[in-house]
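Step one of this worksheet: look at the structure below.
Lettered A, B, C and D in written order, each chain numbered from 1.
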Amino acid sequence: MNLIWASILIPVVTAAVIAVANARAARSLAAVGSLASLGALAAFAWQFPAWSTGAVHPEPCGCAWLSSINATLGVGFDSVSLMLALLEAFLIPICVIGSWTAISERQREYYGWFMLLHASILLAFAARDVLLFYVGYEFTLVPLLFIIAIWGGPERRQAAHKLFLYTFLGSLFFLGSILFVGWQHHASTGLWSWDMGTLSTFASARLPANTQYWLFAALLAGFAVKVPLFPVHTWLPLAHNQAPTAGSVILAGTLLKLGTYGIFRLALPMAPEGGAALAVLASVLCTVAVVYAALICWVQTDAKKLVAYSSVSHLGICMLGLFALNPVGAQGSVLYMINHGLSTGALFLLIGMAYERYHVKDMDQIGGLAKRMPVWAFFMVFFTMSSIGLPGLNGFVGEYLCLFGAYIATGDASTGYPGLLGPGFALVAGTGLILGAMYMLLLVGRYVFGPLREPRDDAHAKHGHDGAHAHDGGHDGGHGDLTGREVGLLVPLALVCLFIGVYPKPMLQAIGPVVERTLAPYPAAVERTLKSQPQAAEAVQADSKEDDRG
Amino acid sequence: MIAAPAMLSSVLALAQGPLDAQAAPELRWAGLALLLPLVSGVLCLLCGWLKVRSKLPAALTIAALGGAFATILRLQGVVGETPVVINLFDWISWTWGDGSRFHGFTANVDLYVDRLTVFWMLFVTGLGTLIALYASEYMESDVGKGYTRFFGAVSIFLFAMGCLVMGGNLVMLYLGWEGVGLASYLLIGYYFTKPEAVAAAKKAFIVNRIGDLGLALALFLTWQCYGTVEYAALWKAIEAAPASSEWTAQAIPWLLMLGAFGKSAQLPLYVWLPDAMEGPTPVSALIHAATMVTAGVYLIARMFPLFIVNPDALAAVAWVGGLTALLAATIGMAQYDMKRIWAYSTISQLGYMFLGLGVGTTFGASYHVFTHAFFKALLFLTAGAVMHGFAGQLDIRKLSGLLKVPGFRLVSLLAVLGCFWLAAFPFTAAFFSKDEILVSAFTAKDERVHVLGWIGLVVAALTAYYTFRVGFRVFFGPVKYEPGDEHHGHDDHDHAHGGHDANASHGGHAQHGQHAQHGHHGEFHPHGPRWAIRVPLVLIAVGAILAGWPSYRTMLDHDAPNWVKTQVAQSSAYQGAPAGDHATHGGHDAVSHDAAHADHADDAHADHEHLVLGMDAHTAVGRLGSLACIAGILVSLYLHLINRGAADALRRALMGSIATRWIVVGAERKWMVDEFYDWVIRLPLRLVANILSAIDELLLDAGIVNGLGALPAAVGRIFRPLYGGVVQGYAVTMAGGVALVAAWVIWIWLRGAN
Amino acid sequence: MVDMSQTVALLAPEIVLFVASMLVAVLGLSRSTGIRSLVPWVCVAALVGSILALDAVWTPERIQGARLLFPMLGKYGKALIALIGIGLVAVSAGSIDRRYEEAVARGRASFDALRVVRGEYYAFLLLSLTGAMLVMSAPDLIWLFLGLELVSLPTYIMVAVARTGRRSMEAAMKYFFLGALATAVTLYGFAMLYGATGTMQLIAMRDVLAEQAAGPGLSTTALLGTILTVLGLCFKLAAVPMHFYAPDVYEGAPLPVTAFLSFTPKIAGFSALITVLGAVGWSGHAMVDHDGVRIAYEGLPQPVTAVLWMVAALTMVLGNIGGILQTSLKRTLAYSSIANSGYMLVGVIVGPKGGIGAMYLFMLGYGVMTIATFGVLAALERKGEEVDSFESLAGLRAAHPGLAFLLTVSALSLLGVPPLFGALAKIVLVFVAFEGGQASLAAVLLLNTAIGAVYYLRFVGAAVVNPQNAKSQEVVAIPHWWPKTAAIVAGLGLIVLPAFLSRLVDASATTVDGYVDLGEAVASETER
Amino acid sequence: MNPIDPQLPPGDPLVMLGLLASAILFAVGIVGFLSRRNMITMFLCTELMFQGAGLAMISYGRQHMDLSGQVFVIFILTVAAAEAALALGLVVLLYRRKETLSAEAWKELAES
């Protein structure tokens, strides 16, 4: 237990130390802090007993934080949340070292906020107490707001404001829902409990179907903003486009995963009836997202925006897998969360490195960088292939299982898990496979390969061109290929991608039991929905403002 | 459709269905065939990393491929009739629920080695080694720059092809499928500074991806119907429940076909292969002629039990193969770039193979794959040698009489030999393999495919014509040539035009004297290839000749079984006997020596019912085929050697009258298929994408989101006048508020009270 | 009858403050700057003294004697008032009479007792705090009315006197006249309540109303009286129908007075509201539905709940929506205070089962946040003037990183970002709203938090994100350390308080101990 | 009914008249406050409202035969006196500033 708290509190302590240390030491302190936190988490993972049982370890402590309603500091991992936490702890040092030369002013604040962001994301993944999860989930907005608003691109402030307000509104739906469930639990059992497990079993068993319907709608609305699902995704491209490199890496790497993890850990278990009823609508949204975002990617000229929209498309497939409501789809979805974090994070890192050299990421003005930077080009192709799901690399396993899950989610319960989707969904989402290849190869074709096109006003010569504060200084030797530091960042990412792609068995074995445990109530719920399908004539508007009238 | 299951069960009972494989852990060394190319790929990556300037990557790759070839040879000896499953390591496997039939998914990295696999890997690794040797010299001008990347990609290709062919389940096949797609992407886009090469690479990958989607969906459907994707288990599952008539089970062959046509460049998805010629010629030879494009044929051969279930699917395969052959042949006739012509001829020959599969003779198709691999590789490599020597010149109108050009005599001779094989000249290996296909076409039980036999013969004639059109124009006639414009970049920009690498200067001096009298091409001296190109060419030529050996042996001594037939028979493709062929026979266990004999004999006997022009099928096809070939050759002899002007005259004549204009224009413009796709799919999609992007930016983001964001402020402005600043104003609203509330309360509640 | 000494003893804290205010009034006039500078210290000492007196004097039997409707309300409430009072004194210590004091210190002006304002200002401040404390422990309507008047009268003067200038005079005028109007309405409400129950004693009043509730239901005069009283008290809370004065008065008044106005009248108003509604009762009422069947239900009588629901919802919405359009800092904080009143009204509607406790917890949070925010603003000045626009606040981080951090913490806490105290108080409030069956109001509250986030983000943006511009370069810190310390203590409090959330929730829950609701009153009466 | 408070029978003329008078007084006060611009008149109107409330208290006191109403009125008078002092001080301050007694002059603080 204390290892978990150690991994969460080390970054907070580092942030405090950075606040008082001098500016130059800030980044090394941040690197040490993040590596220490990774070490603590890895130590915990090493002796984590419940890898194959899917149980939660350790049992949440009774240390109440608000005793009158028994809100405890319950912290514990199961294999899925531990893997996501490890992904997070793995990405943060890469971000810190990645922005070694990119961030040249107000460094103390930058790394301070980064450590706080790291701590709150870890808290969110580690939390077993719903209120604690809300605290971790919500606090991530503040550091992200500052990281984008202060060190971002030209229109950074509008993008940061929109991100903050949009996600804040979403999270209020989520807050309303969990308070509602907590109240219902107390009202009917007389006991106070905010533990995820107890609340889920209570809500799925005792809440009437109609309430579960609204509860799932509210939870989905809350997390859809974060994932982002189709209609509420417009903040993501702006945020990515304006965020500094490390900000984009973390935003794509793990922040979006908070939304998907939230749906996986809270929305699905708590409201199976609602989940079964709304799975079709949510899947339609996801499928539309896949094709919609992929087409938009295809016509983007800004590299970062392209990758940002690709995240919307990829996460559409990821969520489709989850809403297939069978172990194959859910397994693929969880794997996809991790893989997307790695490959898209790496892509943003690479685009950031090129941006550091040319200060341009618009593919009309720049291209064919393979000539200038072959090593960079290799990694670009490697991670592009990983993100479009080339077998042998990590993207394939996740994407493939998601589509597979969606495909077999038909009415007949041969797999023991009847589903509401079917071949139609898999086919349309499958075109995402093709569109994915089209826009990623467009990116590689113009940005990496093709004739060398460098921006006319050679950024190297003219410093301090970009808006209020310059990104000048620091970036090493104009347009040389990747430095040792940069390669040192990319190699571990590449190795992990390769490892997951080649030998995903341990991860599959670890995720399996958790998935089965989460989807336990679903076969029955789906049966009921299928039976009631003909009478449920009108498709009730999905997300309501909140969720009472229970 | 109802007849199909009945027919199938009879066939399965009679014909020796796919044998159940047993695990053979002791054969784990077979994994070397995959491991070696992978190791050499990684080593090439390392060389690239260390900026190695020598030809080491080539040596590594050749050694690895040679090793792989040796492994396959040893495997050939070891593997008997029954296929073996070798598990290398677990990949994707987990179970849920009680782990019963539909409650788990396993797709491990294991090899399913039977005769068909070995047969296929033989020519893949064999040709791979030779072409790698050829490429070591061909690419030497890029030693410092792209050499490691080239050979790295070739190694990755061979690894992926190995996974595809030797893979033990459909997911391994899928891994290989996309792996070869990646390798072909990297190799087509090798000259990445050229936009056309990058565009061609992208096009190839995307069109393949469309096929891959079909394959993926087929895979899902297979698991859904049979509960497994492992070959061994799949055959048992098919035998147990041949196929539920419900549409999903029937759809598997159609989806598999989509995947196969994508990879093997058949009718709907063939457009990427001609553009793939942008890559260096060894790539075109190895990948886009001999090995990768046969993946589709292998897929259908391997999954034949699924196809047998659905005769309509088989007919469709045949028809698509036939039509593609015809279409590609017509286009091939009107092209001027030698590599493009060979590319279209490859598509055409692949059409033949699919025709063979469609009519049920997996043996004929596989045999044609075997022979075609050799002579097409030969043709491409000779074209490469010509291009290498003539500074990228490939236009058949600008080259003539190469046989007499010093240094190119051997290359030209081998090229002409290749032409004979391609044209399926009587008693060449291709003649026998094509003969098998056409015979089966005529004798197929399914009447619908008979007409394809005739189409096949017509295409044979066309093939002969365009092959020798190139042969006569380029290698015969007066010696006349113009240097290319370093077209294919292999004499790189730093390698001055006609510049002198070691070989050229040496050759140049010696030949300078004789060229004086030609004079018209100034100081340019073509330099013939050195040993590293000549040796592989000779070996491949010998291979092409020997490819026919199994048929020669059967011809001479009737009872000798055709080696290829035995290979194919003892595999899941089991001799691909069309249902009719086998129906008349007793049990057919392991195809022993006598059975083959009986088989051969009964062929003749069976044909009596299917008379073609009064003769039995074999003799008829033999005669008609050779007739078509010779006719084609004579026509091209007249038009392209004796009276070259006549060809142009004929063209002008055809162009003259409206009725025939479309033929010439169509053929030369590749029947506008590319433009058609562009207009019907790409541009509308682009338009939709732009609209969606605008919607996302303006409507969704600026409109709705910002609109909602500004809503509170807008409502605020409505209430603004209330805060006018005057005390009385506030007092009025306050008093008014109180009065309103009091009135409301009285009106609603108190009216009823007391 | 309990002898007078016991009830008077109960008023020890008020007495301490009252004496201190007299002392301060005198000290403020003394010639020597040393003594004059003692004044804030005396105030702080008095406030601390009142807290100690509160603990000493607050014994169970005395409370029994005092016959209060909410016996334990005073303990928590008075301590809260004194605590935040200390903060308010610190915030105002920086700027009252500063111009004149500096002129005297530099000898440019001779000391003239008439022009020195410091003494009266702090006296009135302490008097107003005394008034708020009195409201807390009012056994009857007269006491309540006097307490309320004692709160507001001194504030009228503080607004006019603390800083010479047209704007503060206009603010004082508006505040006075509208205040008088509202007090008149409250008075009339009291009269009707007296008329309906025949007694001024709140406990007796509750018994009478309990009988009426058990019988045919509350009489018309009782209901109308309650509603008029509620609407009258809305002025103190700056709730909707009576909130129009707030933006102008907060903007016109000098900064420390604005800080004072945004807290003290609010806590007095809420305490008075709870005391009056305590008499009306949150249970024991019955609703006669259309076919004449009487259904007992939880909560205030239906008309009162409906009025309060509407007032709360409109207050939240108008407060947040108004705030978005503002450019002046004080005006934005005015709308923020209106919105926060709306949130607290939700607690009032829910009633004694957790609602009032949550409301007082939120009041504590709101008080600390006010001190932090106004502390930072009071610690800054531009060309001698107060800092009152977002542009002059832009880029605060560059010049005053500490203050910028504190402003960010308080703005984020007001906004509702979880680990900070403000958000947790709001979560408790929302949770209690669910418990009390006011889920729809909880939704309105959550939605308004999102709308409110827009203008709170402007504070954060100005403090940390936006670069400095011409105007904000001139912003300098004032020499006095009082406001800065207040801001630091309050800011750190917002970070540290969540750790003590359990204790604070229990403490604020004690405010309703001992309150016998209408339902139980009827029951106990019938037994007797 | 409150046991210790003898209740006059409802409808006692004196009480009804008193209540009516207080209502009228209160109404006049409010109307005067809203219509008049002169600050002193506005203050006087608030006084009227206070007296109205006081009269109501007395009438209810009469009805309930209870003296606390009148005690309350005494306090109202004292408070009104305090307010009068304060109001006039304020009005003098404002007058000295803007030479006018009209409340219209003071509308600088407004929603910009």
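Worth pointing out:
By definition in this document, contacts are C-beta pairs under 8 Å (C-beta built on N, C-alpha and C of every residue); 3 or more make two chains touch, one makes a residue touch a chain.
As the structure is a computational prediction, the values presented were derived from the model and not from experiment.
Averaging Cα atoms per chain gives one point for each, and the point farthest from that of chain D is the centre of B. Looking at A-B alongside B-C, one finds more C-beta pairs in contact between the chains of A-B.
For this pair, chain A with chain B, the centres built from the Cα atoms lie 38 Å apart.
Look at where the CA atoms of chain B average out and do the same for chain C: the two points lie 80 Å apart.
Rounded to whole angstrom units, the spacing between the C-alpha centres of chain A and chain D is 64. Centre to centre, using the average C-alpha position, chain C and chain D are separated by 25 Å. Taken residue by residue, chain C touches two or more other chains at 173-174, 177, 181, 247-248, 325, 454, whereas all remaining positions touch fewer.
Chain contacts: chain B has residues 709, 720, 723, 725, 727, 731, 735 touching two or more partner chains. Residue numbers of chain D whose C-beta contacts span two or more other chains: 30, 33, 42, 103, 106-111. Per the contact rule defined earlier, chains pair up in contact as A-B, A-C, B-C, B-D, C-D. Interface of chain A with chain C (complex): residues 64-69, 109, 131, 134-135, 138-139, 141-142, 145-146, 149-150, 157, 160-161, 164-165, 168-169, 172-173, 175-176, 179-180, 182-183, 186, 468-469, 545-546, 548-549. For chain D in complex with chain C, the residues that touch the partner chain are 1-2, 5, 7, 19, 22, 26, 29-30, 33, 39, 42-43, 46, 49-50, 52-54, 56-57, 59-61, 63-64, 66, 68-69, 71-72, 75-76, 79, 82-83, 86-87, 90, 93-94, 97-98, 103, 106-112.
Taken in their complex, chain C has these residues touching chain B: 173-174, 177-178, 181-182, 185, 216-217, 219-220, 223-224, 227-228, 231, 235, 240-242, 244-245, 247-248, 288, 302-303, 306-307, 310, 318, 320-322, 324-325, 451, 454.
Remark: chain B residues 709, 712-713, 715-717, 719-720, 722-723, 725, 727, 729-731, 733-735, 737-738, 741-742, 745-746, 748-750, 752-754 touch chain C in the complex. Note for the complex: chain B touches chain A at residues 48, 89-97, 102-103, 105, 171, 174-175, 178-179, 182, 185-186, 189, 192-195, 198-199, 201-202, 205-206, 209-210, 212-213, 216-217, 219-221, 223-224, 227, 248, 685-686, 688-690, 692-693, 696, 700-701, 705, 709.
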